[in-house]
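Just below is one structure, and these are the notes that go with it.
Here the chain labels run A, B, C, D and E in written order, and each chain numbers its own residues starting at 1.
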Amino acid sequence: MTRLMRIPFAVEALLIALLVIAFFAFPYNLAFVTRILIMVLFVLSIDLVLGFAGIATLGQAALYGTGAYAAGLFAVHVTAAPLPGLLIGMVAGAALAFLSGLVLLRTKGLTLIMLTIAVAQICQEVANKARDVTGGADGLRGIRMEPVLGLFEFDFIGITAYWYVAIVVFIVFLALKRLAAAPLGLSLRGIHESPERMLAIGAPVYRRQVLAYTLGGGIAGIAGALAAQVTQLVSLEVYSFTLSAEALIMLILGGTGRLWGAIVGVVLFMTVHHVAASADPYNWLFFIGFMVLGVVFFLPGGMIRLPQALLRLGRQR
Amino acid sequence: MSAGLQVRGLQKSFGGIIVADDINVDLAPGARVALIGPNGAGKTTFSSLITGKLTPNAGEITLDGQDIRPLGEADRVKAGIAKTFQITTLFRDLTVRDNLRLAAQERDGRARAWFKRADSWAEVEREIDAQLAAFRLEALGDKRVSDLAYGQQRLVEMAMTLMLKPRVLILDEPAAGVPSSDSHLITDAIERLPDDLAVLIIEHDMKLVFRVARSIIVLVNGRILTQGAPNEIAADERVRDLYLGARHHD
Amino acid sequence: MTEPVLNLKGVVAGYGDTTVLHGLDLTVAQGERLAIIGRNGVGKTTLLATVMGLTRLHSGTICTNGQDVSGLAAHRRVSAGLGLVPQTRDIFPSLSVEENLIAGLREDARLEEAYELFPRLADRRTNGGGQLSGGEQQMLAIARTLLGRPSLLMLDEPLEGLAPVICDMLMETFERIAADGKHTVLLVEQHTELALEFAERVVILDAGEIVEDANTEELRRDPTRIERHVGVGMGAT
Amino acid sequence: DTIKVGVVAPFSGPFALYGKQFQEAIQVYQAEHGTTAGEHEIEFIYKDSGGPNPDQARSLTQELLIKDRVDYLAGYVFTPNAMAVAPLLDQSETPLVIFNAATSAINAQSDYYLRTSYTLWQVSMPMAEWAYDQGIRSVVTAVSDYGPGIDAENAFVAAFQEAGGEIKDSIRMPMSTTDFTPFIQSIRDQAPDALFTFLPGGPPTFGFTKTYNENGLRDEGIMFLGTAETEESNLQAFGDAAIGLTTAYHYSADHDSDLNRAFIAKNTEMHPDSVTNWATIGAYDGTHLIYEMVEAAGTDGPAAIEAAKGLEWESPRGPLVMDPETRTVVQNVYIREVERDEESGLLVNREKGVIATVGDLGWGK
Amino acid sequence: MSLFLNILIDGVAYGMILFMISVGLSVTMGLMRVINLAHGGFAMVGGVVAHVLMSEAGIGYVPAALLGIVATVALAWPLERLIYRRIYGFGDLQQVLATIGLTFLMIATVNRLQGSSLLALPLPTVLAQSVDLGFRTLPLHRVIVIGVGAVVIVGLWLLIERTRFGIKLRAAVDNRATAGAIGINTGLIYTATFCLGAGLAALGGILGAEMLPIEAYYPLRYMVLFLVVVAVGGMGSIGRSFLAALGLGLIETASRYLVPEFGTIFYFACIILFLALRPKGLWGRLA
């Protein structure tokens, strides 16, 4: 994979190829593939925050959900044009991340995890209480999106939704890839490794963590906004602990600190879930449980390490 | 108003234990001062007070006449005070080059750039090469720090701090863990430092201290026992009894 | 006749995929004062860690006092008579000084011995291990291992970070421990000078292999044998 | 030809019981009535929606419509899941029979919704009126603070005040509550004639009724009024704490009719471990409705909806009419009290009264 | 006044239950520093075994509870030997993933064997009574939980702070390799402590079942509830977990009495405020 990264535009080409293949391979499951893509975006946001900057979080749904509600309310009350809604979702996610980050990031470890959970729970409760605005547990309804750029109508099969989401995910992925190799990415990894040393080389650790968290919030916000626009309904579940936790599982499954890990983890988890749930819904938890344990024990770095692990096995033979 | 680092009446205690008691120190540009003293005398504590890791109970710290007490740790580094750690603290999962690169990009204030590759600043890369060469680490540049032996890590520790191009440099036992055969790498590096840099060395290796220090401060139980030129200190009876021991009676 | 206190045969060890020690053979007799020297990163620490059971032994055998300990867990090797003061000290930061000592205390040892050796520690009795200064941690690490009453005491650069007076005192202590003929001291030291002063036999390690194994006297007579592997700078006071 | 029906329900996770019961009810219906309606073979396709998750419900529904080409949809336990597919129904003109989701507003979102379960207004208002008739004059309501709870509270309060009763207090209890003592103590301090409650099934209901009992509210004569709280799937776990709880609901497994006894016997015969409750009956009647629609209109969605409107049939729970306006069944609401059955030794919801043919009273509210 | 008393009594009683339920987690997570998200799983296993014994074998409450705890320890033992042993060395995230995986398997197993509805642990009539406090009553069951909780806290404190075992345990947690190198049998200590944690989880699960009823999804449903206690208490101390549980019990109870509508927001806002002011938990000590 590292060698691949060196060829100019190899990653871009590979991604585009994957997106096109997925489009033609799953003509009837576009809605599902679209959900996978949105989840990829959401998990990427966690990867930025956790995998790069080392900020442990189990409350990323707070930012996702806020993006979703912001975009949903914007579509209902202001304009149903998708792109401005996306922007609003991003700003809302980033704003909440910034504000909550100011408090949260003074802590670390388990404390930090608890605080992120607490923020998400408060958001959920606020959305539940503000029933007149959000529809409470029944969901925010009445979102009817206009065509993308005024040209592409959201269709029944989900073709527009697919390409719309795919392009957004593609752009964000590339941006994150740049970021990962740039000074900011290196600096975040430094903070992850040793905040103490970062201070000693003059890095404003706290401020930089807030920056990373805010960026992550923006991306999570975009993911939430996409979900709101595609589903055309926002429910309280966007803030649920399960969402944060499952996304985290997907990320660790794939491998943290590597952008491809997020993609691999989401695709694997959601596909296994989808397949196992339709094959044997009552027992799919067994599959997931064994899969998760298998990955931790045999591929501690996540699925992304599979090729290396196989290579090593091959060499040992 | 004077140039360099000035410490006046510094005071610090942990619970009942006083670890810094009315300490006055001047580090003018170009100074090569060694801080020695028995274990637990308060040397590391003193360096932490200056770098901002600890807050003094009383006393003043100024850099070029400017009070730096309100500054946080990171800001003091920006102001030009850097230190190496007594117990190696590196980015263990990053390569040696990345460690140095991180220091350089913080120094140059471009750590928030997110579009250009981190290794695309040619000048910095040359600087890193030079620094690695100075510590004979060329071959290890692309190794992860966690794969290096302890002594090698000590060298990286020093190289990384020098990348910051500080004005005041605090070295906390820079040679600990470096074999005698390689300790000249450390002393050479110290001797090559720019002339206007103020250096404070905390070290138990007397060979190194006597080689590089032009002035020595002896700290005992948080107080300055005496200070002076190396030969004066070596001759001081009290310092011999409390610290140097018989070996240095010659 | 007495069994050698330590007997290594074809020891190959390392971390993950990398091999650091490439087949070492070494015998240490009881009551010996042995020093291991060598450049940075040649595998000295790895050797001690392997003997102690902290690093994975790829192949070869390790015997202590005639007992094969190759497959045993570290704590079983302590029962067999091994003791190590690690280079990185490895104090238990959340235990107090006293608790650090108690953790490794053998029934026949007394806490007070540690405090007599290092009065500084007695003053810090109730402090957390993580709050100690660098040198105090080193003292604690040494004292803790001594309270385990090892018949083979392995010291990985034990003088690092200690004041010269303390160093002198410790060297005397190590000599005293070895003097009764029942205890063996194995010292890893960066300062060749100190090592030669202390040991009666010196082993030089280079790139994971033993390249010299000789009497101190022999080596003193031919310093080039040391310089070749440890580099210049030795003896330059 | 084969007409496919897509069933979207939770088959995994904490709510998996719903999916299981839906499936069982459908199997019972098919065992009784065969797999053909008119000249059409009927095939059911099941999709697991997990918990409340509109994104997933919508994409599964899309998959059912596009890939499996289903002509009818059914199931839908949670309101947001049902709501999320409204645009799909309009576009594809597919009738959707709700087996459970109980918010009135769903059916207003699309003309293709039909509901064979109930709405919260439909059971809460009769509860209030009955309570007043029994001489209860003051009530404290304590509901879980979320959509359905608030619906139940609104419905009860409106009807009870209309009748002339006094609502002393309306408490909304956070969803995350595990210790209900504070609420129970407050209710006790206000000494109303009765308390009316609505809680999501499972642990909250369990905790609330236990606490109600332990703190002696029953002994002080504060009557317990509820709706779904004593449903059959968790009832036995409550133990004696449940005895005497009074609820108004559209179905009791203990309903005294030959049709119901036969239905339960068949279900127990086919699925020995299964508990028959309102979810089972909702799906059973829903299946009946789908059969009727298929027979009348085949794959023609709009025609099927027209055929369903006003349809009448006799269900194990009593007589049903599909209300043409609200598209929710008009049905009897029963007042029940939990008792221990002499014969089986099990707790049952014994019917104490019936309020005949109630429509969706929440329509348009 | 009586409101204040009510808050105090109910708060303490609730806090004690919180403590009983999460004390096992304080042991595995606070002391052993393994992020053990499967804690609720062990509590559930204890409850399920007790339920089965009572409902199917007709055994009484107390023996069934004891057997439930024994069974949980019997399960924890091999799990520790085969799985947890390897988890200790993992990073935080891997621990999260591994213990979540285990939790899933536990849930799936219980779900498969017992279904997903509530599993009752009916109290014997002696325990199902209430104690009259004059101005109100308190269920006897809660009084007993308070008593058992007090015994557990004192016993644990003595064990960990006052015995060689405690010192060895803490040493093994700080640095496992070094602990081995000074002669501590870390494997045995870890196994014993882990089993202790699991046993306490089972005890808490059974005693707390009146409030948090046992069912297949128990471990996930209450995960946050347990975690909060350990987070507020700070890692590494049983005593502080205890105080944290009491404090949280009081806060939650007070919010239920005073601002029932905004209870959840109030509760979490308090936690955020508290943790933001004291990032390392109660009397935050250096890690």
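Following the convention adopted for this analysis, a residue touches a chain if its C-beta (ideal position, glycine included) is under 8 Å from a C-beta of that chain, and two chains touch if they have at least 3 such contacts.
Only a predicted model underlies this, so the values are computations on that prediction, with no experimental measurement involved.
Colleague: Average the CA atoms of each chain to get its centre, and name the chain whose centre is farthest from that of subunit A.
Modeller: When every chain centre is compared against subunit A, the largest gap points to C.
Colleague: When C-E is set beside A-B, which has more C-beta pairs in contact?
Modeller: A-B
Colleague: With centres defined as the mean C-alpha position, give me the subunit B-subunit C separation in Å.
Modeller: For subunit B versus subunit C, the centre distance works out to 29 Å.
Colleague: Express in whole angstrom the distance between the two chain centres, defined as the mean CA positions of subunit B and subunit D.
Modeller: 73
Colleague: Averaged over CA atoms, how far is the centre of subunit A from the centre of subunit E? Could you give it in whole Å?
Modeller: A distance of 32 Å separates the two centres.
Colleague: Distance between subunit A and subunit D based on Cα centroids, please, to the nearest Å.
Modeller: 36
Colleague: On subunit D, where are the residues touching two or more other chains?
Modeller: Within subunit D, the residues that touch at least two other chains are 16, 145, 174-176.
Colleague: For subunit A, which residues are shared contacts with two or more other chains?
Modeller: In subunit A, residues 121, 125, 129, 242, 282, 285 touch at least two other chains, as defined above.
Colleague: Return all touching chain pairs.
Modeller: Touching chain pairs, listed by label, are A-B, A-D, A-E, B-C, C-E, D-E.
Colleague: Any idea which subunit A residues touch subunit B in the complex?
Modeller: Touch residues, subunit A against subunit B: 178-179, 181-187, 189-190, 193-194, 196-205, 208, 211.
Colleague: Mind listing the subunit B positions that touch subunit A in their complex?
Modeller: 51, 72-75, 77-78, 82-83, 85, 89-94, 98, 101-103, 105-107, 110-118, 160-161, 164
Colleague: Can you check the complex and tell me which residues of subunit E touch subunit D?
Modeller: Those residues of subunit E that touch subunit D are 6-7, 10, 13-14, 17, 111, 115-120, 122, 128, 130, 136-137, 139, 141, 210-213, 215-217, 220-222, 225, 252-253, 256-257, 260-261, 263-264, 267.
Colleague: If we count contacts the way the header does, which residues on subunit B are in touch with subunit C in the complex?
Modeller: 14, 37-41, 43-45, 86-87, 147-152, 173, 176-184, 204, 206-207, 241-248
Colleague: Would you pull the subunit E residues touching subunit A in the complex into a rising list?
Modeller: Residue positions touching the partner: 29, 35, 83, 86-87, 90, 92-94, 96-98, 100-105, 107-108, 111-112, 220, 223-224, 227-228, 230-232, 234-235, 261-262, 264-265, 268-269, 271-272, 275-276, 279-281, 287.
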